[in-house]
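Structure, as structure tokens:
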């Protein structure tokens, strides 16, 4: 295990309606602890995960979305958000709770190709 | 319980990929046993449920789709299939294993409105 | 008014069980009568006695049990759906030669006919699922 | 070649567990090495000891256990995902003061790190889900 | 009595809301819940379809789900917000109720 | 090495296959499995998109899933059918593998 592996966690699902966003975030945090080259990608409805000011008290669930802001503390610095997905949802980076790198679909596709492992849920 | 209730079971999901089609069929058969006014509606990917010659041996699951042909034996005679859903999938009534009544979306919408209970999955 | 509630998905994975719970609670608090909450498809997984959620999250199963106790609510999981998914009451476990059962308090297991019967008697049927 | 397989959905409700099984079996029969099959999200429900499917259907849980025995396959369910969904081994049950556990033979429960570790060691990671 | 449709899916991931709108006759009430509330947002690729639907349908959205998703400032005008009690009232006032899952 | 995408969703219900195609670079292999095999059918509303994709991508479909769904006579020419062993071979021949769920 001398060399680091490039591991991407792809997020394409909205938060709250299903648990995938929450449990994928847990996976991202654990993966970061293994000192690998970790990337998070948000596209399609996955971009909703990063919207700021999500308040889950009215639905009485755990507000896991606050943890996205802690990603840099886990040394996860590559956080890609797809431009086309944002645009289709009327969102801009200013709507997000986290500093991200916005990539167009073609560039994101290139980054996916460069991975050793791609997790999705 | 003097009068019969109009109960519709709406099927919008493809078979095999998920269990909803199978378990909804079980629900239809049980409902029929209660001597109510039962209707089955198939639209969107639900129309795939009725395609003939489905052979689940290669995926080693139970071939519940054979039971659709037995629906008349359960005195379920109102089986509606949406025309627009068939067309979008390149299917015609000749592709189906069961004799059905093909309705356009507007007519189907009217039939839904007339129900007392609508089950979906 | 008389309601019957159908829950098609299990706890945590889909919000369906949460929404069904909040709907049922609100209906009861408004004085409506909820004849039965029926759990079908993965909904039967709401009836597990072994769910141990993290302390900082809601306890979906316990919340149903508590509401049932408070309002004498009838919580029924479909036997066919429950058996294939590993939810058994003691009688069912015994019949299949298993030494354990895992049905949560205030839930009972019965046939799909219990759903149809409650639907026939209700003024409204509301479905929650995926 | 070394494979790691990730299963995100439970038995019967989604085909994911079926496809993962047939993929894993085919890989083993071709002489590949499957380092680990990891069960996450609702995938942990594949590890229930209490599933009793109808006699005319496949037994998803038993099929995994049998394959594991035959090939010394490592079947691991994520502890956090399993606890909230009601899948417990005896140690876990004891820790939470429960008298029953329900882990199927040849499965074990461990942390998500086991997935990451197997992904790092594998030549390929294949994900099955909804 | 007018009927009530509930929709719990994001319109950009699944066809549930689109199919629901195609089957909604004049005067039908639609309640967007769970991920369905993303369909109530302004300036999305789905917004034109919803604006057109608003002309003949009564469209509601579940406020707790909107707040959970942080989109309370982006909801289309003309959509009425309800809480769980309001959801119960809508069910009581309409029949039948159908869930587009 | 070229990469492999798997898609297990019907293209008329969900956006997974459409999104996958939008991200598939020339030479990428796509394997349709489970309900994804409905995307391999001729004469559907999605067929034109797949025909276009066939010009730059290698598209496979899982034969057991096609037979289970009774659509073996309606598969687009140009799509290669594989069994579970062929699925394993595709995974061995490509990297990385990504599932569009």
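As written, the chain order gives the labels A, B, C, D, E and F, with residue 1 at the start of each chain.
As a convention for this text, contacts are C-beta pairs under 8 Å (C-beta built on N, C-alpha and C of every residue); 3 or more make two chains touch, one makes a residue touch a chain.
These numbers were taken from a predicted model, which means no experiment stands behind them.
Annotation of chain A and chain F: jointly contacted by D, E, touch as defined at the top. Note on connectivity: the fewest steps through touching chains from chain A to chain E is 1. Distance from the centre of chain F peaks at C, each centre being the average of the chain's Cα atoms. Seen from the Cα centre of chain A, the chain whose own Cα centre is farthest off is B.
Each chain gets a centre from the mean of its Cα atoms; for chain B and chain D, those two points are 33 Å apart.
In terms of their C-alpha centroids, the spacing between chain C and chain F amounts to 38 Å. Remark: chain B and chain E have CA centroids separated by 26 Å (rounded to whole angstrom). Counting partner chains per residue, chain B shows two or more touched chains at residues 13, 16-19, 44, 59, 61, 117-118, 120-121. Residue positions 8, 12-13, 15, 34-35, 64, 83, 95-99, 101 of chain F each touch two or more of the other chains. For chain D, the set of residues touching two or more other chains reads 8, 12-13, 15, 19, 22, 41, 54, 57, 80, 125, 127, 129-130. Under the stated contact rule, the graph of chain-to-chain touches falls outside the line, ring, star and complete shapes.
Every pair of chains in contact is given here: A-C, A-D, A-E, A-F, B-C, B-D, B-E, B-F, C-D, C-E, D-F, E-F.
Note for the complex: chain F touches chain A at residues 3, 15-16, 19, 22-25, 95-101.
Contact residues on chain D toward chain A in their complex (touch as defined above): 6, 8, 40-41, 80-81, 111-113, 115-117, 119-122, 125, 127, 129.
Put simply, chain E touches chain F in their complex at residues 12-15. Looking at the complex, you find that chain B touches chain E at residues 10, 12-13, 43-44, 84, 105-106, 108-110, 112-113, 115-118, 120-121. Of all residues in chain B, those touching chain D in their complex are 16-19, 59-62.
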